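Structure, as structure tokens:
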Amino acid sequence: MSIAVYPGSFDPITCGHLDIIKRSSRMFDEVIVAVLNNSSKRPLFSAVERVRLIEKSIAGLPNCRAMYFDGLLVDFVKQQGASVVIKGLRAISDFEYEFQMALLNKKLNPDIETLFMVTNANYSYISSSIVKEIADLGGNFADLLPSEIYEEVKQKIEKGR
Amino acid sequence: MSIAVYPGSFDPITCGHLDIIKRSSRMFDEVIVAVLNNSSKRPLFSAVERVRLIEKSIAGLPNCRAMYFDGLLVDFVKQQGASVVIKGLRAISDFEYEFQMALLNKKLNPDIETLFMVTNANYSYISSSIVKEIADLGGNFADLLPSEIYEEVKQKIEKGR
Amino acid sequence: MSIAVYPGSFDPITCGHLDIIKRSSRMFDEVIVAVLNNSSKRPLFSAVERVRLIEKSIAGLPNCRAMYFDGLLVDFVKQQGASVVIKGLRAISDFEYEFQMALLNKKLNPDIETLFMVTNANYSYISSSIVKEIADLGGNFADLLPSEIYEEVKQKIEKGR
Amino acid sequence: MSIAVYPGSFDPITCGHLDIIKRSSRMFDEVIVAVLNNSSKRPLFSAVERVRLIEKSIAGLPNCRAMYFDGLLVDFVKQQGASVVIKGLRAISDFEYEFQMALLNKKLNPDIETLFMVTNANYSYISSSIVKEIADLGGNFADLLPSEIYEEVKQKIEKGR
Amino acid sequence: MSIAVYPGSFDPITCGHLDIIKRSSRMFDEVIVAVLNNSSKRPLFSAVERVRLIEKSIAGLPNCRAMYFDGLLVDFVKQQGASVVIKGLRAISDFEYEFQMALLNKKLNPDIETLFMVTNANYSYISSSIVKEIADLGGNFADLLPSEIYEEVKQKIEKGR
Amino acid sequence: MSIAVYPGSFDPITCGHLDIIKRSSRMFDEVIVAVLNNSSKRPLFSAVERVRLIEKSIAGLPNCRAMYFDGLLVDFVKQQGASVVIKGLRAISDFEYEFQMALLNKKLNPDIETLFMVTNANYSYISSSIVKEIADLGGNFADLLPSEIYEEVKQKIEKGR
């Protein structure tokens, strides 16, 4: 059985992320959306909240599930019995960093492959940071997030202002 | 009447910025230099000071004026009756980010166009951060800023050291 | 009166080109689509045919017209009483080359400005070469060209096969 | 059953290509190395020869085979019952072009996904063209090709000089 | 006598850095590894510690030595009687920034040249930050650092956790 | 004695090339400008003419000389008793290709180092091809070439038209 891990911060999950998850779910038997529980950054949503927002968004995709992880990505991938990491690419600067991480992860565990998918052109300008920035400035971000989580994210951001 | 908005942090305005403003002022009836009043970053100069430094630098350009704004750029542009955003490009990494913002702003308001100009090759290495860094380390930055504001910026930085 | 020149090979004009022309026509009093009559390359369509295909595509845009030119772009721009060159950017490699040409044209004539617009994300993968390649291999390219010229281009390419 | 297609010119297959094939063969049930039979370019080796050189190189990989194809890649992929295209990435300029082709192929057939793998750092400077150039100039290229085909390629190039 | 300065943060020195130092030591009479004592960033190792870690790593290279410096790089280079700055390049994003700094330093002192070397492909994914991140997450980083300093760095990071 | 080789097509030498040669001549005991005698391309000037044009341009630089070479660059460098290759970088696309060649040459001969210098910002848009293109279209290219060779290049291009 082929299992793919799609790692990220997902603070929160966007339409661009969801597009990658849907497309991955058609290629692999199982897709694990892996939320990086990075203690040093200050996320808007806690790791637990981020997992729940993803779960709401992928409710219609039976072979996908969300988890959070600490530690090295390659160790998490191995624990899950997976051997593939999925990453979405939007642009060059993405690519440079991801290229470096893919070579590094190959060094840390040669059995794990990183596969890159090109983000849908319609979502190429979306990122979690940009969603939060627009929301914070009072802009309309309804089209940038999965519809299932829009209200919840909106309320959280309005409270924080 | 065609109005263009040239947005940025301008902390402080550099020779590279001034070159873009001058060249824009020949193409558009009016150019508004729009200082982003971003509360989350800690600028060296307040938004009010930054507007004043720009005003000093553009004193000889009758169809240019400086303002600061909060909120979304596209909303500010619309309020001013403008439909064009001007951005200067120095290098690839500039381009990547600006490309993303242009697509995003097009999504937020399809009536507003972003136009990019190439920074004069002589100013391609100048940015506000680099000016501050050189100044902070005691280097000579007289050629990097509009001559009208050099003394004021120098004094501010020497006080802060 | 502000006149902009949008130069290129246009062999043939694509939906991506047409999008740039439409958006430019809202910003400038007049837009001249300028077909480079480059004798050294072997275009699929002659300069005269390329101008005609553009004319068909821009029939609904009263302030736009198509012409071909020989010689230096900056000289043509000056002859037309224009001072602005419009270029669409799809990607980094586009940008590198166009950046170089913009600096060069600035050197050849400092009064002429090059303004860059970001290609609509939906058209980011379209170019004249790709349209011809797909058509040549029997693929469906109806969505990639202005509908007004699709049949004519299709027949030309089928004859050539 | 998951089938992946790895397309290219392979004129001739290099160590970099073989590395991608080996790594793909561990992720997919079957890997088809697809030689583009492009009539307009003048390859050093004919499509039939290129397929045979690949076959020699992948003799130890039971779930891989080589074929050549004409026409659109997406049509070939569909005919083979595959839904995944594999591409190796060496560098930015690769990425730009491949990004564009991936978006285009997605447009031509939304069911087909392009997955990118990062070329092993040790092979990042190898390409078929560079192998031929070094060989043509009398340099040592033994380490750049699969050992199974080195002698054959060497003889061909020496004859051609 | 030709003296080259190789500046950086070196927090800590990696195998990639050491490779550049070794290769530089064959081209120049003397190589000064110059540790930037940047007070605004919070390094893991103090400037004094970083110099000592470098000294341990370059013990076998008689024409290399380590120093730390404050202030402008070009002033330090001049004080040392050197006229060459060496920088290693791993990737595009490196290059963009370094290109800008080289032009700036040329402006600050036209007598000083910046020379770029390409990082060994095997070390292209290594940086001080990545070493610290892997170490912090409990991964194996023995191959990423000079063997002479591995134990010391490991203990420092384990204490800090 | 340190000898550096600066290789290229130099068809013809430009102000950008001459700037790199001058700056190199201050760092190395001897600089050999090495004209690639590539039989497959059709240069405007023969290898002998290109060497002569360089000789005219570097007449004032006693430690520089021009030669042409066939075969592998690394072999030529070794024959000349040199161990350093100098390359000028104008932009990213330059860098990508040059990065690949530097890694390849390191593989072909580990004793030879490639050093990159950043082209003067004022010359960043100049290349031999662009000079020839402008000249061919009747534009003014006097500032783009060493003054010593301008007349000769002009006459050659005017004859060829």
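So that you can tell them apart, the chains are marked A, B, C, D, E and F in the order they are listed, and the count of residues begins at 1 in each.
As a working rule, a residue touches a chain if its C-beta (ideal position, glycine included) is under 8 Å from a C-beta of that chain, and two chains touch if they have at least 3 such contacts.
A quick note: this is a predicted structure, and the numbers were derived from the prediction, not measured.
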Chains in simultaneous contact with chain C and chain F: B, D
Comparison of C-D and D-E by number of C-beta pairs in contact, larger one: C-D
Centre distance in Å when chain A and chain C are each reduced to the mean of their C-alpha atoms: 38
Inter-chain centre distance, chain B versus chain D - centres from mean C-alpha coordinates, in Å: 48
Interchain centroid distance [CA atoms averaged], chain D/chain F, Å: 34
Shared interface positions of chain A, touching two or more other chains: 92-93, 96, 99, 103, 121, 124-125
Touch relationships between chains, expressed as pairs: A-B, A-C, A-D, A-E, B-C, B-E, B-F, C-D, C-F, D-E, D-F, E-F
Complex contacts: residues of chain A adjacent to chain E: 70-72, 74-75, 92-93, 96-97, 99-101, 103-104, 107-108
Chain B - residues contacting chain C, complex: 2, 23, 26-27, 83-84, 89, 92, 95-96, 99, 102-103, 106, 113-118, 120-121
Chain F-touching residues of chain D, taken from the complex the two chains share: 90-93, 124-127, 130, 134, 137-140, 143
In the complex with chain B, residue positions of chain F that touch it: 92, 121-122, 124-125
